[in-house]
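As structure tokens, here come the structures.
Consider the two complexes below, in which chain A is the common component and chain B and chain C are the respective partners.
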Partner chain A sequence: MGAFIVRRLLNYVVLVFVATSLAYLGAATAFHPKDMYLQKNPPTPAVVMYHELNERNDNPDKPVLERYAHWVDGVAHGDFGQTWQLDSVSKHFSISVWVTVRLVTVAAVISAVAGILIGSFQAVRQYKFSDHAITFGSYIIFAMPVFVLAPLLKLVAVQVNKAVGGNTPLLQYQGEIDPDATGFWGQLFSRADHLLLPTISLSLGLIAFYSRYQRGQMLDVLGSDFLRTARAKGLSKTRAILKHGVRTAVIPVMTLVTYSTILTFAGAIITERVFGWNGLGSWFTDATNHSDVNSVAVITLFSAVLVLIAGMLSDIITAVLDPRVRL
Partner chain B sequence: MTAPTAADTESVQPLAAVPARSGRAGLVWRRFRRNKFAMVGLVGLVLLFLFAFLGPLLTHWSPTDIDLVNTQSGPTGDHLFGTDDVGHDMFAQTVNGMQKSLIIGLLVALLSTGSAGLLGTAAAYFGGWWEKVIVWLTDLFLVVPSLLMLIILSPYFQGTSWLVLVPMIALFSWMITSRVVRGMTLTIREREFVRAARYMGVPAWTIIARHIIPNISSILIVDFTLNVGAAIVTESFLSFLGFGIRTPNVSLGTVINDGAQFASTDQWYLFVFPASVLVLIILCVNFIGDGLRDALDPNSTGASAR
Partner chain C sequence: MSQNLLLTDAAGRPKNPAPTGTPLLSVQDLHVTFSSEAGDVRAVRGVSYDLHPGEVLGIVGESGSGKSVSAMAILGLLPDNARITGSIKLEGRELLGLGDKQMSKIRGKDIAMVFQDPLSALTPVFTVGDQIVEALSVHQKLSRDAARKRALELLDVVGIPDPERRFKNFPHEFSGGMRQRVMIAMAIANDPKVILCDEPTTALDVTIQAQILEALKNAQELTGAAILMITHDLGVVAGFADKVSVMYAGRPVEQGAVDEIYYRPRMPYTIGLLGSIPRLDVSGEHGRRPLTPIEGNPPSMVDLPDACPFADRCPIVTDICRDAEPELLPAGPDSHPSACHRRADLESGTIPIDQVYPVPQIPETHLDTVPRAQRSPVLEIKGLQKHFPLMRGAVFKRRVGTVKAVDGIDFEIREGETLGLVGESGCGKTTTLLEILELVAPQAGSIAVFGRQAAKLSGRERMEMRKDIQIVFQDPMASLDPRMPVGEAIAEPLRTHGWSQDKAYERVAELLELVGLEPYHASRFPREFSGGQRQRICVARALALNPKVVILDEPVSALDVSIQAGVINLLDELRAKLGLSYLFVAHDLSVVRHIADRVAVMYLGRIVEIGDVASVFELPSHPYTQALLSAIPLPDPRKERERSRILLPGDLPSPANVPSGCRFRDRCFKYASLNAAEQMKCRDEDPVIVTRPGKEDHAAACHFADALEVV
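Coming up: the complex of A and B.
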């Protein structure tokens, strides 16, 4: 068993390395960092340009493989290079990643809990009006990509603010916090207010996704013998469903939840852009627009590692939840 | 538990005196037709296609025209969806964008489902090194964050034809289907009729084409349908961020991005019209996909046996 896990881990590490290398080489050949300097008005002097390009290890006159080798060497020593603004990539990363964490965490928790509860509720009341209504609602949400949902939420917020009136708008949709907010409670409220719309835009899709899956799993479980046994031994219907039904049905759903949650950390690009949060997603698009290979590579590395962690984590969660699985 | 294959039912057909359309296709069609949502989706999608390709006849503006007199105009008889701040006719842009998005969606789905079927069956049927390489490639592409990779490679398809997006998106959307297809092929490969064919000396690719593909066709059809929607979303996602289709070409993504600038202003309809078109397309495609899944799956609860 141990050998199996080690071999699997090794295979994952190789995959992450190859994936990141592909991203680096793709970016290094696709981007034109020189144009960034030449398009400036007035254009940057050639000496300064080449000096900065060499600093960033993005000098297109050097062979790609040489730059790649230099980058791998740096990464092996914990040096991820410099951004297009000649900042340290590691420093920029440690700032952006927390912005994304603050943006995504609440949404991830809410969507997992709500999705599983709603799905179980639907299964228990199968083919009732509520089941049909929720199914129809999730169809609509599935058809609504984030880049439609997020501006739509903004639109609604503006109309709500207009209807409510007042000096300061009720619903905030730009940035993380109002810089004028003072005091602990004032800042907390401002943060929560700014978090509301992005959280909705991130979680609606996930809730629809989880609840649909949980509903299907729950329907399989509801007819099972062990649930009837639990009832026969005197448990109330609600307790039997919660303790024995939901817990069994949630095991396969947890895999999905782990993967989606972890991938949201890397995939909140649109939400960050629309609501003006300077997290990893915004950094990634900015870096691409500025032909910044180092930043792009580190974010790709981060999300490849996240996929790896998701894979391991979902195995562990399954083992914890499912008494039939032993690690 | 085994689904009757197309070959089974067709060979029986001439013997039994049955009414027309009683083959598997007929059965699936009858079951599909009974599903209200699926029919709404089918009719809706046909109407959307007609709208996309006949819509240009309703306006004399082309997507690149600029009406300097009526910038930021509301929806009027001349500008059905209004105009943006430059004076572009949003109706012409939306309709033109729809055409591109629909074409890209169909082509990507064809390419990705096709290659997924090919790779998945080949991996499972041939085994050995074929399988090792294909499975490893599948794992690799699953680890590579596909949307990030598409953005990274976007400078490559800058300035070329917008059709370049088709192979690019397809390259990052075949993996999951390929895995499922491989799993199904592994069980079909051991079935008697496949073995019989193999011992009779039928070439491998003929067995795959005649015996394996028909038996996994239901998943391929459903997957194709859902991939159309997914591809349209991916394309619009890229174009929304400015990494997909770029000016002077338009797609639903670019039009929605233009409109989204106005979502928090009084010109919100510039966003709502193209966005609703996209939502309707995905909604219809998903309805059809789910309807097909129920109609094709012999064990589905939604449809009865007939």
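Coming up: the complex of A and C.
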């Protein structure tokens, strides 16, 4: 068993390295960092420009492989290089990642729970009005990209605030916290207020997604013999469905939920942008806009690690939920 | 047959154990209708019966006859789109119209149920113990310890060894038979008054079926419950039920005491059912009794006309049958009710019961007159072995053992001969077939076809050889591509072997006629055919290339009894007409007895007994064969009551963990009766298969082989 785990982890290290290297080489070849300096008005003097580019290990006049070797050497020593603003990438990462975590944790939990419950509910009431209504709503959400949904939510918030009136707006939609908020409760409230709209924007899509899968799985289980056995034992319909049905139907859905949940932590690009949270998603777009290879590489590295964690975790969750699967 | 004789049966029981008092369960004029897009499906159309305490009522019918639906109606577990009318009374209390909450109090307490498929009837994610405890705690206020104690007791009652350990196991760690025992334990947990059993043994092997029926009988004696036994197997009912109701197209067509139904049937459908089952105990003059199939298919339950629903399949149909549906009425003053316009003619003997159906001729071939030794072998298997590595773990795969699926078997099939290969699931039958079909060198041993070693064939020769060996699979629904017209499916082997389109087209028409279908059926899709017709199409496909050997893998076990007979007769006829040799794999020994010339009994990857059908079935010499034959219920109530069964303990051991010495010894009843020295021999020495003394074609692999009549 131990040898298996070691071999698997070793596999993972190789995979992460390959993924990150490809991202680095791609970005380093495709980006034109010089343009950033030349487009400025007045343009940055060439001496300053080359100095900064060399500092960032992004000088396009050097061969790509040479820069790559330099970068790998740095990474091996724990140095991930500098951002386009000449900050330490590591420092920037350790700030942004927590912003993202604070943003998506609540949404991830809510969407998993709500998605599974709504999907189960729909299956039980298959082809009834509520099922049709939720299905209809789900398709509307599927059809609406986040970059439409998020600004739409913002618009609604503005209208609500107008209608309610008062000095401070009721619904907040910019940033993480009101800098004026004081005291534990005051800060907590402010955080929750700021979190509300982005959470809705993140969750709706996931809920719609999970509930479709859970509904399908649940329909299979509802026709199953063991549910009939549970009812023949004398369990009421509701109890049989909750205890025997949902518990069994959720097993295959959990793989999907685990992957999607873990991967939301790689950054919610659009939601972060629209609601002004400086998390990994915002950083990634900024880095791309500024031809910043080091930042792109580190975010790719993080995403790759998340994918592998998700794979491992979903295997473990399946094994825990399903006694038929043993590690 | 005089009336007096019928007042008592062979065992001396009164003809009617005259039920007294109010019935426990009374179903009156039950109708169940499902709405569907095609119109209303009238699944149950007027079922009435009374069930008294301690009584066993068997409900017999083919799939779609409404027998399961009527049982689910009693439990109130039909889907929402079912409309139920009539009356279902439990001890005088009307159950129809009760809400889910009230019915939940009755389900599992007063009325319990055992379902067909034990593999899917238990929730996979909870332990067996927890599921029994749940059945208890739903209806009784018990402390956790008390519930656990009672659950352990129940596991013990239904015959699960080592209940303490098994309590913590999950369903997938149990075999099918064990799971069905758990189902019975849950059913009797609250001492129910009625136990509904819906095909409780259909999914199980015969030796396990015998165990489960025994467990059910014990459970009934213990609880005094009445049992409603739903089944398609006339053998199971014969030995188990007191009275029988035969259902057809949603209605009972004949109802009465079990002996009445079996010995004095008054409805052509019942007569047809009884005539269409191959029997283990009856052999005709030439060794076989012809089967009388019921032609046609059951009617669609949508828009049934006001006519006898059996009219289209009935050999004694008259005009009145097409004008009105017959009521369920007694045929005479001393007869049980049947729904047939011609019941009076059947009662009076104007139409003799055994002449209702035309008896088909058993076809004979010129090869039958040639002694076996003079016919050349078409398939020779020597020392065939197939072992699989056993892997464990979903995330971390590792090899933990070897599954000895086929562990050295020999047999040969000669020209024009049928060899039946029988055994319970997991004994290696299918692996044997697949090894033969592969036509390559096996892991060990040899396969020779028409005297040529499969191992030595070149690629081209192997392709040629495939023409001569074809296969028909068990499930005709799954073995035909649903998107391919059947003509194309039949032509596929022809095209593969280079036939031109025109020639193939002609051959398809010819083949369809050969198997009893029409040439114009070629352009239709599989879904337009019934199960029996689809199996005929599969037979046509197998015969396309004029093979000499056809391998039949459980060809009739997925079909209803009345359809089964037609396919069996067809196979018999084709064998004679085309001079085919069959390797017929089946778990149903009655079918094998009917169709095969020789039979090989497999146990855990070995052949334990082989020989001509008459010898093996009449004087079985290996204890396993004896137990296997003894476990099969006969569709004959008197014989069933007189028989004593050999019950094998436990399940088939895993082929990954074969016992030392004789692989059957830990389930062998003979082993138990041996002295220490003899037992040692069974433990240490693997018995080889040897010819029985004085027999030409009969061999058994047992140190202490001894003939025993069991049927």
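By definition in this document, the second predicted complex is superposed on the first by the 309 of 327 C-alpha atoms of A that agree within 3 Å, B and C clash if a C-alpha of one lies under 4 Å from a C-alpha of the other, contacts with A are read in each partner's own complex, and residues count from 1 in each chain.
What we mean here is this: a residue touches a chain if its C-beta (ideal position, glycine included) is under 8 Å from a C-beta of that chain, and two chains touch if they have at least 3 such contacts.
Every value quoted in this text rests on a predicted model; they were computed, and no experiment measured them.
Enquirer: Of the two partners chain B and chain C, indicate the one touching more residues belonging to chain A.
Expert: If we count touched residues of chain A for both partners, the winner is B.
Enquirer: Kindly classify A:Phe4 by the partners it touches after superposition: chain B alone (first), chain C alone (second), both, or neither?
Expert: second
Enquirer: Is A:Leu171 contacted by the first partner chain B, the second partner chain C, both or neither?
Expert: neither
Enquirer: Quick one: is A:Arg273 in contact with chain B, with chain C, with both, or with neither? Answer first, second, both or neither.
Expert: In the superposition, A:Arg273 contacts chain B only.
Enquirer: For A:Leu22, select first, second, both or neither according to whether it touches chain B, chain C, the two together, or no partner.
Expert: So A:Leu22 only meets chain B here.
Enquirer: Identify the partner contact of A:Met144: answer first if only chain B is touched, second if only chain C is, both if each is, neither if none is.
Expert: first
Enquirer: In the superposed arrangement, does A:Lys237 touch chain B (first), chain C (second), both or neither?
Expert: After superposing on A, A:Lys237 lies in contact with chain C but is clear of chain B.
Enquirer: Of the two partner chains, chain B (first) and chain C (second), which one does A:Lys154 touch, if any: first, second, both, or neither?
Expert: Only chain B is touched by A:Lys154; chain C is not.
Enquirer: Can you list the residues of chain A that touch chain B in one structure and chain C in the other?
Expert: Common interface on chain A, chain B vs chain C: nothing in common.
Enquirer: For a test of understanding, state which residues of chain B touch chain A in their complex under the given definition.
Expert: Contacts found on chain B: 37, 139-140, 142-145, 147-149, 151-156, 229, 233, 236-237, 240-243, 253, 256-257, 259-260, 263-265, 268, 271-272, 275, 278-280, 282-283, 286-287.
Enquirer: Residue numbers of chain C touching chain A in their complex, please.
Expert: 75, 77, 100-101, 104-109, 112-113, 115, 117, 120-127, 134-135, 138-139, 170, 172, 183, 186, 190, 392-396, 398
Enquirer: Note which residues of chain A are touching chain B in the complex, please.
Expert: Checking each residue of chain A against chain B gives 11-12, 15-16, 18-19, 22-23, 26-27, 30-32, 139-140, 142-145, 147-148, 151-152, 154-155, 157-158, 173, 266-267, 269-270, 273-274, 284-285, 288-289, 291, 296, 299-300, 303-304, 307-308.
Enquirer: Note which residues of chain A are touching chain C in the complex, please.
Expert: That would be residues 1, 4-5, 8, 224-237, 244, 247-248, 251, 315, 318-319, 321-327 of chain A.
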